[in-house]
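Read through the structure below, which is laid out as structure tokens, and then see the notes.
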Amino acid sequence: MASKLITIIAGVGPGTGAAVARKFAESYPVVLLARNPDNFNELVKEINGKGGKALGISTDISDPTSVSNAFAQVKKEFGDDVGAAAAIFNASGGFVRKPFLELALEDISKGWDVSIRGGFLFSQQSLALLLRGVKEESKYPPTLIHTGATASVKANAQVSAFNTGKYALRALSSSLAKEFGPQGVHVGHAIIDGGIDSERARAWKGKDAGPDALISPEAIADAYWHLHTQPRSAFTWEIDIRPSVEKW
Amino acid sequence: MASKLITIIAGVGPGTGAAVARKFAESYPVVLLARNPDNFNELVKEINGKGGKALGISTDISDPTSVSNAFAQVKKEFGDDVGAAAAIFNASGGFVRKPFLELALEDISKGWDVSIRGGFLFSQQSLALLLRGVKEESKYPPTLIHTGATASVKANAQVSAFNTGKYALRALSSSLAKEFGPQGVHVGHAIIDGGIDSERARAWKGKDAGPDALISPEAIADAYWHLHTQPRSAFTWEIDIRPSVEKW
Amino acid sequence: MASKLITIIAGVGPGTGAAVARKFAESYPVVLLARNPDNFNELVKEINGKGGKALGISTDISDPTSVSNAFAQVKKEFGDDVGAAAAIFNASGGFVRKPFLELALEDISKGWDVSIRGGFLFSQQSLALLLRGVKEESKYPPTLIHTGATASVKANAQVSAFNTGKYALRALSSSLAKEFGPQGVHVGHAIIDGGIDSERARAWKGKDAGPDALISPEAIADAYWHLHTQPRSAFTWEIDIRPSVEKW
Amino acid sequence: MASKLITIIAGVGPGTGAAVARKFAESYPVVLLARNPDNFNELVKEINGKGGKALGISTDISDPTSVSNAFAQVKKEFGDDVGAAAAIFNASGGFVRKPFLELALEDISKGWDVSIRGGFLFSQQSLALLLRGVKEESKYPPTLIHTGATASVKANAQVSAFNTGKYALRALSSSLAKEFGPQGVHVGHAIIDGGIDSERARAWKGKDAGPDALISPEAIADAYWHLHTQPRSAFTWEIDIRPSVEKW
């Protein structure tokens, strides 16, 4: 792992973010952003302990100053000319289900702040580094992936606080794919259509849930890695990922 | 025009908003919201002069207090128990086309503030009145229509400040259709896929533009009225509207 | 009703087809095509008895010769230079739900023959007449509408015999809208997302079905008529229509 | 390569089909179906010469008897209890661009016969073998992939002979994914949104075409292989693949 290029991941929790971090850490130094350091401390230790390189930075992805500070710290650590091979936006506003007339502006703003404002801030900062990755002729085209959900393409009742942000993030991702593809950056969008496997999710699904009822975070990480390895002549913008037993 | 039920229109300018106001004013008192009173003053006079009833209220649709004040004024004017037969959200953040890395957060926030926050605030306040319209057995099912654009379903490069807001508004509209349809409120979404006919648009398109190259605002108003007249057993959520000569 | 222009409707049964026929018969002579004359005989009498003009022609819409013969008979009746103001393709292959491995080619071919081949044959013959309607400066832009279904945009398990045909018909409609819109013919597609109200459907839904659980055919006819009245500057290609209480 | 499970590929020409065959031949015996043996003869030699196993069968994919015979030959070669690890439907009706009124039914039927009827026949025969692959606990979930195109989701003018078939094939693929996913078969659909790299395509694009203007068939094969390796908890139904410089 001698790459000077790094991978930055926003929204690192126990599920997808951690699996993606482990996968990309096999090839790149990884920078992990999360508001609560508890979400990355163990993982940073684990990756560094296994011969990889990981740096965790406590970041409020919806706050311009916090995001700027995070990327300043990245440059301090890796050099002002650091480039990125990959950037993964995996942050998500909390899921709120509530009758629309009972929603307060604050309920719904939180989703927007993370998905839309956070998506904008992270993408903008990352793209500067990804474009440097293009110049430095990274092995694989530098890649920006936004994690979406069922709610990115289907807007159910009482969930508008969540799906408005997810629709908007999908628009951002599509727009960026068209602008930066010709510049050599691969922008992708993943529709994660189902629950992510975790202790909590399994407890919630109950024992009736078969072994394939929840999405393996490692399989998501593998799919993201596959997107990353696609050559310039064959970029995928969007994939959906769901359990084989999911109704859709 | 003896209806106690009113129609409220947010985003009244010279184009769609005015045409919709004229159309619905044939059947209902209309309340016109726009930030700049110049956008509705003439129209209010025109409608009142022709025997209709119109009230203009200067409103910043993205500001919770301003929107609350507007609806308080509506109640002061029409009674605390006023109900609505229709509410049209026609406001739109300014169109910004700029390389993504040159966008400032302020550029892009303006679009979100109008399309998403404004859409939320207006829809929430309106739905309370529309549900009262259901109780009062309005002739046609009370109707909430959100005006979308090409950018509601297609996210072109360099236009993310606009299309993120429009995608999010479409999610909101879909979610509300599913929640409030069973309660008797008809929620619709119109994809206006082309330029609206106006002096400015015609000047911009040039003399080469044929007579059908720009969308007639009156035709949009007719389509909105048709949606309004649909019975509960046959609600349309989404229509697209474009010039016959448009490429798509 | 002095129009020389006619309306042709394929797929006339007790539901949508009959309602559309009655609606358009208020303005145009109507030609009704169905394989089984029992499907139009009463209706022809009814329309002619009320001062309209209706002609029923027994036609297998999936058979090139039968369709040619039908249009030859139309010319014999209305003159070689007859033009059309509207053409509605409302035919549909039978709905088959079966495990895929139990489907015989014949099962599935029937759906294709009606939806795809029939859609092609009817559209081609109709467009010649609709283009003549353009030349004769019909009051409203000559209009070709294809009736779709939920299965036009959602392909459920075990229903591929039906949804393959409906997806294909939607492609045909979209392609024709783009080719013939600039020539003055309005091509539209309606996604009928729910059951059509009829004695049989009501019996099937059971007494629990509320008054709005099934789509009023008259409301569909009104929507089709609205599409027909749209001016060249504001064509709708696609509308969805569903009961207010429908889950989607 | 000791697998008893095979891979069957329909529509083997110089582009995608051959690349997919080479990729899957690294792990499985491959059966190559094409009408014209010239399309697979060299490839069969190449694969067998490199230590793989390939069998070419001249097959008219739109003809029930020809398809049955092909699968009978597969059983004769590999045993009556042969199972499949993968099946790829890569056949495509010829691309026809013509004004709609000039299309003959034969023009358009050819596209349907290959895309829709061929897709049905191949999928049905393959699924029986893929389900046997499930029983035999194949290393990766048995996988059926249908190759789509831009025309699977966008129906341009004058191309309805092609896009009707592609829309229908996409419906079939979606329906099969929902029916057979819970049974352990992974069904996927790829939207190939651009020209496939080949001598002919490069000549047609001209020297102005950059190195990334045409899709690498090997990259498509890699993407198909990635889909094949996805575990049951994380199936992708649809991916799009396009050149980084493509406008969309």
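Letters are used for the chains, namely A, B, C and D, taken in the order the chains are written, and counting of residues starts over at 1 for each.
We take it that a contact is a pair of C-beta atoms (placed from the backbone, for glycine too) under 8 Å apart; a residue touches a chain by one contact, two chains touch by 3 or more.
Which chain is which protein? Per UniProt: A, B, C, D = NAD(P)-binding protein.
Predicted, not measured: the structure shown is a model, and the values here were computed from it.
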Subject >> Chain copies touching (subunit B (NAD(P)-binding protein), subunit C (NAD(P)-binding protein)) - same or different residues, decided at half shared >> reply: same
Subject >> Where subunit B (NAD(P)-binding protein) and subunit C (NAD(P)-binding protein) are represented by their mean Cα positions, the distance between them in whole Å >> reply: 32
**OP:** Provide the C-alpha centroid distance between subunit B (NAD(P)-binding protein) and subunit D (NAD(P)-binding protein), rounded to the nearest whole angstrom.
**Re:** 46
Original post:
Using the average of all C-alpha atoms in each chain as its centre, how far is it in Å between subunit C (NAD(P)-binding protein) and subunit D (NAD(P)-binding protein)?
Top reply: 34
Subject >> Multi-chain contact sites of subunit A (NAD(P)-binding protein), meaning residues that touch two or more partners >> reply: 178
Original post:
Connecting every touching chain pair, does the picture come out as line, ring, star, complete or other?
Top reply: ring
Original post:
Which pairs of chains touch each other?
Top reply: A-B, A-D, B-C, C-D
Original post:
Can you list the subunit A (NAD(P)-binding protein) residues touching subunit B (NAD(P)-binding protein) in their complex?
Top reply: 64, 99-101, 103, 105, 108-109, 112, 116-117, 120-121, 123-124, 127-128, 151, 155-160, 163-176, 178-180
Subject >> Complex contact set, residues of subunit A (NAD(P)-binding protein) against subunit D (NAD(P)-binding protein) >> reply: 141, 178, 181-182, 184, 186, 197, 211-216, 219-220, 222-223, 226, 229-248
